[in-house]
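Presented sequentially are two complexes of subunit A, the first with subunit B as partner and the second with subunit C.
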Partner chain A sequence: MRSRLAGWAFLVPLVAYLAVCYAYPLFTNLDLSVRGYTVRSFVHGGAPLVGFANYLTVFGDPTFRTALLNTVLFTAVSLFFQYAIGLAAALFFARGFRLSATLRALFLVPWLLPLIVSASTWAWLLNSESGLVNAALKVVGLSSVNWLTSPDFSLVSVTIANIWIGIPFNLVVLYSGLQNIPREVYEASALDGASGWQTFWHVTFPLLRPVSAITLLLGLVYTLKVFDVIWIMTKGGPSGSSTTLATWSYELGFGNALPRFGPSAAVGNVLILIAVVAGLLYIRVQRRQELS
Partner chain B sequence: MRTAVGVLLTALMLFPVYWMVNVSLTPMSDMRKPPSLYPVHPTTEGYERVLREQLPYLGTSLLVALGTVVLTLALAAPAAYSLAKLRPAGRQTLGFLLLVAQMIPGIIMALGFYGIYVKLGITNTVWGLVLADSTIAVPFAALILTSFMASVPDEVLQAARIDGAGPWRSFVSIVLPSSRNGLITAALFSFLWAWSDFLFAATLDSGGRMQPLTLGIYRYIGNNNQEWNSIMATAVVASVPATVLIVVAQRYVAAGVTSGAVKD
Partner chain C sequence: MSPTSVPTRLLATFGLVAFVAACSSAPTTATTPDTFSVWDPYPQFTAESDWVKTIEKCGTEAGVKIGRQAYDTTDLTSKVLLAAQQRTAPQVLVVDNPVVSTLAEAGVLKTNEEAGLDAKQVSPNLSAAGSLNGQNYGVPIGANTLALYYNKAVLSAAGVDPASVKDWDSLNAALAKVKAAGKKGITFSAIGTEEGTFQFLPWFWGAGGSLTDLPSGKAALELWKSWLDNGYAPNSVVGNTQTTSWQEFATGDYAFAENGTWQLGNAKKAGFEYGVIAIPGRTGGTAPAPTGGEFVTVPVQDNKDTEAKAGKIATCLTAPDKVLAADTALTYISAVPSVQQQQVSANPELKVWVEAVKNAKGRTGDNLGTKYPKISQPLWGAVQAALTGSKAPEAALRDAQASAK
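Take a look at the complex of A and B:
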């Protein structure tokens, strides 16, 4: 009995914290999304309930379709390349060679850098006039590309930067997954005369499936949230061409002189709905793995 | 042979980081010329400007990051002890909530915090920013500390109980010291996340008297006469904690990343 009480006592601070710092902001966000706030009523209160009007405004806005499509493209393409490159690197490092541990640690750097640092570095690499990428294109005789200022390339550019940032995470998790595959499996495969490629497709890849699932789902949850990289590189522009739900929500609430908190919160809540679905999927997969 | 390929791949991966350092040493007069692969006329003018203009930002970042670490550990460590060793009813629900909490997009938290802070009149305060930044780290810290503390043998705690140690005593003198690695990992990540935070700073502290370094960089980028050597010099300075982390605490970092995703 006493230890049960103590158990609760140790949890109280965290539970109170979750209520104040998670539940309350989330509730505020929900409240914002169903009221017609102006800057005045935001400060002084008394905004009228408008029900789903903000959501209807958002859904009716042509930017919504663009943002949704961009979010899907940005997420899918980022995940695919982060995973593929991360897995290739993990397989490479898994063999173990001189310096492999040090090099693997260095691979982590892009992931640990503040996002504003990575994003501004990429912005300068891709700068139209003075960027290294365009200079390199010129050297090989290609014409330069307006990476960040052309609507055709802005989404590609932010996706490239985001892939670079995400590779280390995939590498580390997949690498530890590879370490957990017993050596005997490979030995058996080699005895059966399987080639390296066959071993990968018929042994390594299937055995890695649980870890891959977790990696991709976590990646999905992280990528949906991405805001900094896009905002710092392109502000979602030009003319919305690289806007995602996350940056649009920020733009509506904070990007203009005239903030529109209601629609901003509405977009945020749509995003959270998608994230929660992804999150529940993640938890289900993890539970199933713990059982098996 | 593999080592050579590995070095090459790592160099390729880290090229943008090298480029950041390269640009930070390039004089403004060379900036609009075709870029050269190394600083031909290296200059420290970017860094001198950082020293002149960014020191207050740097101090704020340090304060915010350290404050976040303290708050995060103070909240997460006792809770983790309870979840791992005292095992009260409802702990599964709480663990589930902590997992879900990590999935909430930052922009939603930022807007919610902004609404609350405006109502209470506490925008643009450092401790307000610390509180918001801690939300990035607390769920992760609680979960990772739970898994570290779960590995403290029950027998040791039982022996302590027989000797008359209460739960608090066991927590302070047995569980905390033996989860040192977990505490280091949680502290490192909270520091890094708070140090790197841009979104909360931009929404909650953009008019404050004390602003973090991420906003300092953002200001530089927003300037019309974009002085990229100063921007990149600030970026280099902002990257120092990450670099130190890699060098000093490599194994903790790897442990942190993996245990976040793959349990045991």
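Take a look at the complex of A and C:
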């Protein structure tokens, strides 16, 4: 009995933490999304249950399709380039030349900068009138591009900024993954006369797969909910062209003086659902890998 | 994990959730607190500023200590709503005027009658933003509005007399001359937030537009679009806040900038000679610009005595003798006509701004109240859609009108 009690006592901090920091906010968000809140009922309570009405409003809104498509594009393109460039950089630094440690540390700068700083810097660089990028384009004889103020380029611009921010994370994780690949495997492949390219495709890449999977999954969850970069650079605009589910959720809840908490929470829950599905998919893939 | 532990753990979790929920909705004590909290959207003012000293003086007069908290103005609405939900709203709240009707609708604010506030000393066009369903909420601390700043050197080099700008045609003619002289015409803010609508409204109202019928102001959007098409205005206006738009004007390359009273301090530092003219209406006269500026309000408390004391503090903060210091610090125009006269005699430069404030119009006025945010958001979307060329001005406004309902 005593040992049972002790067991419970040990469990309490974890359960309390999970309840306060995960279960309660999640529950509140679900509750918000199934009630018809007005500002009055938000303050004084008594918002009626409306079932899935908020979800139907959200799904029926033309912004939903744009936001979903933008989220998919933003996430997929970001992940691909972050991973590819991060892996290339990791392979480069794994060769351990002089100054490689210093350069690798410098590569971490985007990760260490507060997002408000890096996003504002990107917004300045890409400014139509006074931005450095357009100035450079002019020097080489190209016409300037409205990076942040044209609906055709705003999503591209925020994606580029987000890729830049995400590279260091991929570099660090993949670099440590590379360190764990035994040297003997490389020696064996060298003895067999494998070229550099063959070694990469048949040795490095397959042995890096577990690390790659977790890097991509963490990147996916992280990129889905990216908000600050987009909000600081474009506010999801112009006219909604760089709106993702994350910025739309914020816009609904806090974007104007009359908050729409219900639909905002509904969009947030859709995002959570996508992230959970991705997580489950990862667990499945991992299980299959362990079995084989 | 053993299979039996799952339900027990879940039970424990839900127990805790219920516990936390119960805690958060427990009523706060109904006694008058020793320290009254005052929230304002002026993070630029430190404890040594005249504004904060005024608050403390007013607290002392009411016999309470003051705990002042400054928030970013865009955060303040949701902060106050959350605080009111948790029954921890501040005793005195200084808040942006278009938000007042939303907070009143939410039942967060006391009416002036109940709180012992009086907005009679204030010009009716300025106190209008605080009325909802025949009741008044709060008193404006001061007002700001929009006008056109111009760069004297750029205009004289282009051979433009600023006094000749009387309507849209003469403004367009001036912009054409400036462009021909190799300078940039005008900068403003058309960002996809409330700021964008704020900056668009003088042109919209100046074209005879009505917020309940958005396509009626299509001439204004066509004007803005033509400025971008003709190269009178930079493409960056689509993403400009009023601050970044000001930075463009401060480079000295621009002839005109649409900006607010609050930039006067920066204008002096810009390093070139500037002037200010009112925004012209389409066919002449001064276009009604939207009023900016905050209201001092009294949020609902659990205790009548607390509310009465808060009302005293709010009255003190908006009293003519106190408000001059605050308005000077904020570079606002006072909402009280007699104080406006004092301001003009102390600083003749403010005359054009006082005139602009007299012509200004509250955004939530015309009995729009909480309908305004639902109109403003589609409106800034329409402005962006038209300026980026994704929709024609009239179609953009028609779509906005459809989604504003």
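FYI, the second predicted complex is superposed on the first by the 270 of 292 C-alpha atoms of A that agree within 3 Å, B and C clash if a C-alpha of one lies under 4 Å from a C-alpha of the other, contacts with A are read in each partner's own complex, and residues count from 1 in each chain.
Assume contacts are C-beta pairs under 8 Å (C-beta built on N, C-alpha and C of every residue); 3 or more make two chains touch, one makes a residue touch a chain.
Being a predicted model, the structure only gives us computed values, none of them experimental.
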item: Joint occupancy of subunit A by subunit B and subunit C, clash or fit; value: clash
item: Which of subunit B and subunit C A:Arg98 touches, first, second, both or neither; value: first
item: First, second, both or neither for A:Phe254, with subunit B first and subunit C second; value: both
item: Contacts of A:Glu129 with subunit B and subunit C, given as first, second, both or neither; value: both
item: First, second, both or neither for A:Val15, with subunit B first and subunit C second; value: both
item: Touching partner for A:Tyr55 - first (subunit B), second (subunit C), both, neither; value: neither
item: Partner chain in contact with A:Pro151 - subunit B first, subunit C second, else both or neither; value: second
item: Comparison of subunit B and subunit C by subunit A residues contacted; value: B
item: Which superposed partner A:Val43 touches (first subunit B, second subunit C, both, neither); value: both
item: Partner chain(s) touched by A:Tyr24 [first = subunit B, second = subunit C, both, neither]; value: both
item: Against subunit B, colliding segment of subunit C, chosen among 76-84, 184-192 or 346-354; value: 76-84
item: Footprint overlap on subunit A, where subunit B in one structure and subunit C in the other make contact; value: 11, 15, 18, 24, 27, 42-43, 123, 129-130, 253-254
item: Contacting residues of subunit A [partner subunit B, same complex]; value: 3-4, 6-11, 13-15, 17-18, 21-22, 24-29, 31-32, 42-43, 45, 89, 92-93, 95, 97-100, 103, 105-110, 112-118, 120-125, 129-132, 135, 164, 167, 169, 172-173, 176-177, 211, 214-215, 218, 221, 224-225, 227-228, 232, 246, 249-250, 253-254, 261, 264-265, 268-269, 271-272, 275-276, 278-279, 282-283, 286, 290
item: Interface residues, subunit A side, partner subunit C - complex; value: 11, 15-16, 18-20, 23-24, 27, 38-40, 42-44, 123, 127-130, 146, 148-151, 234-241, 253-259
item: Of subunit B, residues touching subunit A in the complex; value: 2-3, 5-7, 9-10, 13-14, 16-17, 19-20, 23, 31-32, 34-35, 74-76, 78-79, 81-83, 86-89, 91, 94, 96-97, 99-116, 118-119, 131-132, 134-135, 138, 142, 166-168, 171, 192, 195-196, 198-199, 202-203, 214, 217-218, 221, 228, 231-232, 235, 238-239, 242-243, 245-246, 250, 253-254, 257-258, 260-263
item: Subunit C residues touching subunit A - in the complex, by the definition given at the top; value: 9, 12-14, 16-17, 20-21, 74, 77-78, 81, 84-85, 98-99, 102-103, 105-108, 191-194, 234-239, 248, 251, 370, 372-374, 376-377, 381, 384-385, 387-388, 390-391
